[in-house]
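Worksheet for the structure shown next.
In order of appearance the chains are A, B, C, D, E and F, and numbering begins at 1 in each one.
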């Protein structure tokens, strides 16, 4: 790497946090300048762009401490890849915010809209520059969040709500997978890095081999790869997690262009690019090449089935993201080159196309493909932009998309050859197959501007300048990139651009990779496998375009089959979940105290018996005991049992209460016989008062409810027996154990001399453990308060 | 404590126990609530009082002994009252007499 | 020498409770006293925290009530763990009380609301501070008794029924707790937690009592703590009780009272029983790690199963509830599972680092859940106050008529979902991290823990996004359009939301405190020394 | 309505019970008893009066006091007094615990003294715990009477 | 031998209490709870040993003379009894209020209504 | 305490056992009924028996304080009886 300067800490910090601060000020600004807030926001974006640009040419990390105790820092890393995403986020941001000034005219909740967009931009810049796993994740989730708010912008519409929730579920949940991946990575690195660098991406980029080795030796390489992959796939709408993207088109069109085509969805591929140098390996190639090519193909086919222009563009976005993922997936240097270059190309032509779609929808009042056509009459400039962008998207030479697609073909071919053929030739084959469909829908989109105007489509007005300028600019950039290829053939290179792409490319490669002398691109001048593949694509595409209508129908017929639609699974899961939820709530919380008590008591018994079993507690020998039960005690306890049995089978409330007081009396006598006069007295007086309260209350209650269900009785009997057994064992094991030096003797010794009282129990109550007594009288006081409350609040209920 | 005191205590305990036994047998064997009441209010109370009296003899006229006396007084005051109230409630509930030998003299009018 | 600050929070709460009890006739004075009392409480807690200094010295203070030396008298102990719990409880309680002052109708406030509320705080504070296992029972009862009444406060049909279930289950729980305490006392001969810890670690030195029954007896106790924490299969009382209670009380129940159960689990099982001299387990599938805490090894799987069941039941149950309170109540069940999950990992952890991490994760999650759930219940109360219902079918579009309130709710929901940089994210992250570290260290079941945590987290997103769509977005019905959210209520909600955000951004402090708390929980010897070491008659000595 | 016999006996018995209750309260530190038992026994005496004479009697005939209750639902103003009683009882117990703080001792520290030069008794043994016990007594009396009166009114 | 009897008694008492807690009738449930908590108290007392002597030392101050049963458990049980009393009284009044609000004390009916 | 074991102790112990056994028998009546007053009477008897048991225990252990217990028992027994009979009469609790 050539010598570079370190990035300026203040500038990086400002880039990330300026948008957040600005977002916080939006309500204020909106109050002052109204709808012109759009230009305020655009100015902020421009400032960010400037700040990013100021760091161009720097390379390195800046770090601010954040959560020292976890080793998390707010560190940022500037290199080609992060600059690229930073340029995209702020640059497209400028255009989108300007465009919004026209598009959002008269729309509701504009402050929220601009605040969310600015916050999103800040988050995206954060994702781009973050060099700490946790910091990265923070911004990552913030992009999901702002996306949620923006998709739900038309909050009154159910479709918006559905779409917002779907995107949140998929992207945030995907983020959680990624988080787990990060944390596993962290825990593996914790030992190696002595803690300080365990979250540091810079450290990983510097020591990729070490990281891989450690992961593999912990057996966590595949899990980490997979988990991070899920996160990236969810964000970048890879099959089968792509389903949120088409729905996300519920958002206002500028949002679709910004978040759901140019930037946020790039976060996933950015992540892959970022981790590519660290994790690239055979498994990596297998996973991401397949994932990417599948997505590219499936989404392209689905795009052909689209009926709405934004839907078409959404699927197309997913498809191109698949292309980038596949590019990054190929382990060779070419793979990195593909991804790096296509990110740029895709951002230019897709953002332009979205803005075009916005213009069309805004001015023509419809987004249905079948209702549109012949727009070039009314929208000539727009048509020109579309031509450049759509042909680029189709990969038609010499437009910009062609060059990056060429690289993909090359990488796929090389991977197939490298893998020794066989099934690996599916890589190039699928790439071509998918590209054919890409060609088809791109041309279809372009054809909106040609052919005849359908009836019912009235005169379409030209858009305001604020809406036209941004796509025009994007179109021009796309055109320039295309031009660069042609000039490249003649050896004229637009050096700064090539250099920049080379930087990006270098970021995606492990240290020490061969860049083949830097990045350059040019129109192919001799036949290579890739050129052949491009040719095949174009021929097949052109040949099948006349059958576009049939293909369109066919795709829709296939996607009518539920099991073939990922969306069907989503819907079934989400709506099924409600059913499961109802069932859970009804079954588990069925409102029956009996069920609750059964579970609770059974768990107590089970847990305790398991505890005894786990330590192999043995029941004490028959004669060993510290408890001597005398005959009177035995008799008294027997009476107590008789009383309890009588309570259980009492035929009426009154007889139950009376037999219950036998139990109470017997317990009191037991205390007498156990040398506990205080307890006996307390028990007696309490028993009597309870009896009185029982009688007072029973007086007002209706007669008794029997329980005749024998099966239930039996079940209760079994549970009761289990609880009884638990207590039985508990008593036995705890009477067998004899501590010789418990604390009790202390009280006997100290009560009179220090406590100043002969009644040790009372001394304990008011002195040694007076704190307990304090709690106890609080309970008694509250019991009184509770009775008052119960009665008084009913009164209130009656008077209201 | 001398021999005689001990003897008196023992005797009182025996007497008391006997009366308790009688009272309980009566409670079990008598045919209706009005009869059983006699057993409980007279015999059993006598038994308990007798035993408390033993306590008085045992402890002398102070402290616990005095308490025993209070207990006896209390029992003699309350046992009949209790029995009275029970019989009243039994009558109000309309619990019949055993056999046809007796009837309430008149219906109460309150 | 005077260490009265240890007992100060409890005394302040107690005196406030009594003062509000005695001034019931004078409505305004009562409310003023109540609010002043809660400020005083906050101050007392702040003083205690500053003395304990969890970010620095991590002192352990013990205080001998009645001046009797431990283990004979009752000791209260303030260490970083208690300080952590107290600190966040005090903040939530103050918020809930301020909320109550304008939420609960004046009649209700006059009847008994304020004394009961402060008695609840007395119980909570006592439970956090006490170093005596029977005393713990007493404060549990104080806390429960007040919560019974507060649950049934409105005294309508659903309130009485909910309270009945709550009361009966907890009465049985109290009896079981007595059983456990009796057995432990009989076996070990002491009630003081530090003494207990000392004895179970080395039975031979204390009359060589049989240690084996301690595990079973502690299991009885565990069931009681699980009941207080609302952990499946003891969660049954939760949904109806939370629905029935007035909103600020639900906030307290979910935010603070539940945490007492969690605290008790941490304190009793990690500090006291952690080193019990049980060296092997004879149940199949239970393995004892090398450092020999077989008792914890038993609870690892137990806690895991309970936590997993809670997460699943709570998460699934919450999805289709059609009232905010019901959703929040089920959510509480699930979130408690998230708190206990890292404890399960800590219990089976092979290394001290992972153990500390697990306990710290539980503490952080508890803190976050306290704040977020407290906020959400208060927000639900504010919604009810403004609209007159908190049922989703009658709601919609609240963001339009009550933007600040909605924003507060949103922050609370995001905190529970775990969106950074709110405090909730770090809770969730630490749970994952604990499980991940255990997984990297090859602990059996830690992958299952990761999986369950993931499922639970996704369910959380599912139910909160649904709630948001149904309650806060959409076409506002007439009731909502005319809604007029009380400023005083919304202010409390917004303040809590800011607190959640601040806790996240300044998480370093929280993390240090949680680490200190976890280390205090695991520093058995430090605890024993603080209570028993310097205990000479009068006031006990504290030291680092 | 109760009978004359019951009323008469009650008049005799209630003082006995109350004396016993007070005795139990005061001797609690050395013999069985204490604030709680004394308190509950006191309450049973009141309960007896309630059962035999009814709720109104106590208030109107014995105490000659009619006060507007705080809560409409509680017909009897006397319940107010009960509530004050348990509030005060709690306060007494807490204050008894707080006093030692003034002397630099810990919360709830109890002491006891022999008051030596005292006529008739010679010396009297006074334990500060009695103050705490007194608090317990008042709480119990107040709280239980509240419960009885409220439930009884229903 | 005797501890087996004791264990048996307590086991049966708890079992009966449990059985009652599972009934439909709220009053019975309250009984069940009462039985369970009383049994727990009995258990606690037996844990202090049954035949030690009354833990009350004679007047005046020469302590430590004779063996007594564990006074600590007695103090604990006393606290527990009082607390149990408070909660049971509340439960009873609550039962009454449940009846007022729902017109039934049948838990089955209550559960179905919910 | 100081009683002559040859005479007093066996008698008192026998009395204790007898009284406990009688309580068991009276318990039968409480359960069996058949009418509520029957149960109340039986309960009254039990209370009386328990008074006796406490007094006997006082004799057996020589602890005078159990006499106090027996007095309280008597009080309690009376109040329970009064309460139950009163509520049986005035209330609606009739089988």
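Methods note: a contact is a pair of C-beta atoms (placed from the backbone, for glycine too) under 8 Å apart; a residue touches a chain by one contact, two chains touch by 3 or more.
Please read all numbers here as calculations on a predicted model, not as lab measurements.
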Checklist outcome for this item: chain E and chain F share contacts with A, D
Checklist outcome for this item: When C-D and B-F are ranked by contacting C-beta pairs, first comes B-F
Checklist entry - What is the chain whose Cα centroid lies farthest from the Cα centroid of chain A? => result B
Checklist outcome for this item: Per CA centroids, the chain at the heart of the structure shown is C
Checklist entry - When the C-alpha atoms of chain A and chain B are each averaged to a single point, how far apart are the two points in Å? => result 80
Item to check | Centre-of-Cα separation between chain F and chain C, whole angstrom | outcome: 48
Item to check | Whole-Å separation of chain centres (CA-atom averages), chain D against chain F | outcome: 27
Next on the checklist: I'd like to verify one number: the distance from the centre of chain A to the centre of chain F, where each centre is the average of its C-alpha atoms, in whole angstrom.
Outcome noted: 71
Item to check | chain D residues counted as touching two or more neighbouring chains | outcome: 2, 6, 13, 16, 20, 24, 30-33, 36-37, 41, 44, 47, 51, 71, 83, 87, 90, 94, 107-108, 110, 143, 147, 151, 154
Checklist entry - Going by the touch rule set out above, which residues of chain A reach two or more other chains? => result 591, 593, 597, 601, 638, 653, 673, 675, 677-678, 681-682, 685-686, 688-689, 692-693, 696-698, 700, 727, 729, 734-736, 742-744, 747, 750, 758-759, 765, 767-776, 778-783, 786-788, 790-792, 794
Checklist entry - Residues of chain F that touch two or more other chains: which are they? => result 28, 36, 40, 61, 63, 65, 68-69, 71-72, 75-76, 78-79, 82-83, 86, 88
Item to check | In contact (per the touch rule at the top): chain pairs | outcome: A-C, A-D, A-E, A-F, B-D, B-F, C-D, C-E, D-E, D-F, E-F
Next on the checklist: Can you tell me which positions in chain A touch chain E when the two form their complex?
Outcome noted: 590-594, 597-598, 601, 620, 622-623, 625-630, 633-634, 637-638, 640-641, 644-645, 647-648, 653, 656-657, 660, 663-664, 667, 670-671, 673-679, 682-683, 686, 689-690, 693-694, 697-698, 700-702, 704-705, 707, 716-717, 719-721, 723-729, 731-732, 734-736, 742-744, 747-753, 758-761, 764-765, 768-769, 772-773, 775-776, 779-780, 782-783, 786-787, 790-791, 794
Checklist outcome for this item: In their shared complex, chain B is touched by residues of chain D numbered 1-3, 5-6, 9, 12-13, 16, 20
Next on the checklist: Which residues of chain E touch chain C once you look at their complex with the stated criterion?
Outcome noted: 21, 26, 29-30, 33, 36-37, 39-41, 43-44, 47, 72-73, 76, 79-80, 83-84, 86-88, 90-91, 94-95, 97-98, 101-102, 110, 114
Checklist entry - Mind pulling up the chain A residues that touch chain D in the complex? => result 677-678, 681-682, 685-686, 688-689, 692-693, 696-697, 700, 755-759, 762-763, 765-767, 770-771, 773-774, 777-778, 780-781, 783-784, 787-788, 791-792, 794-795
Checklist entry - What residues on chain C touch chain D, complex-wise? => result 1-2, 4, 7, 11, 14-15, 18, 21-22, 24-25, 63-67, 110-111, 538-539
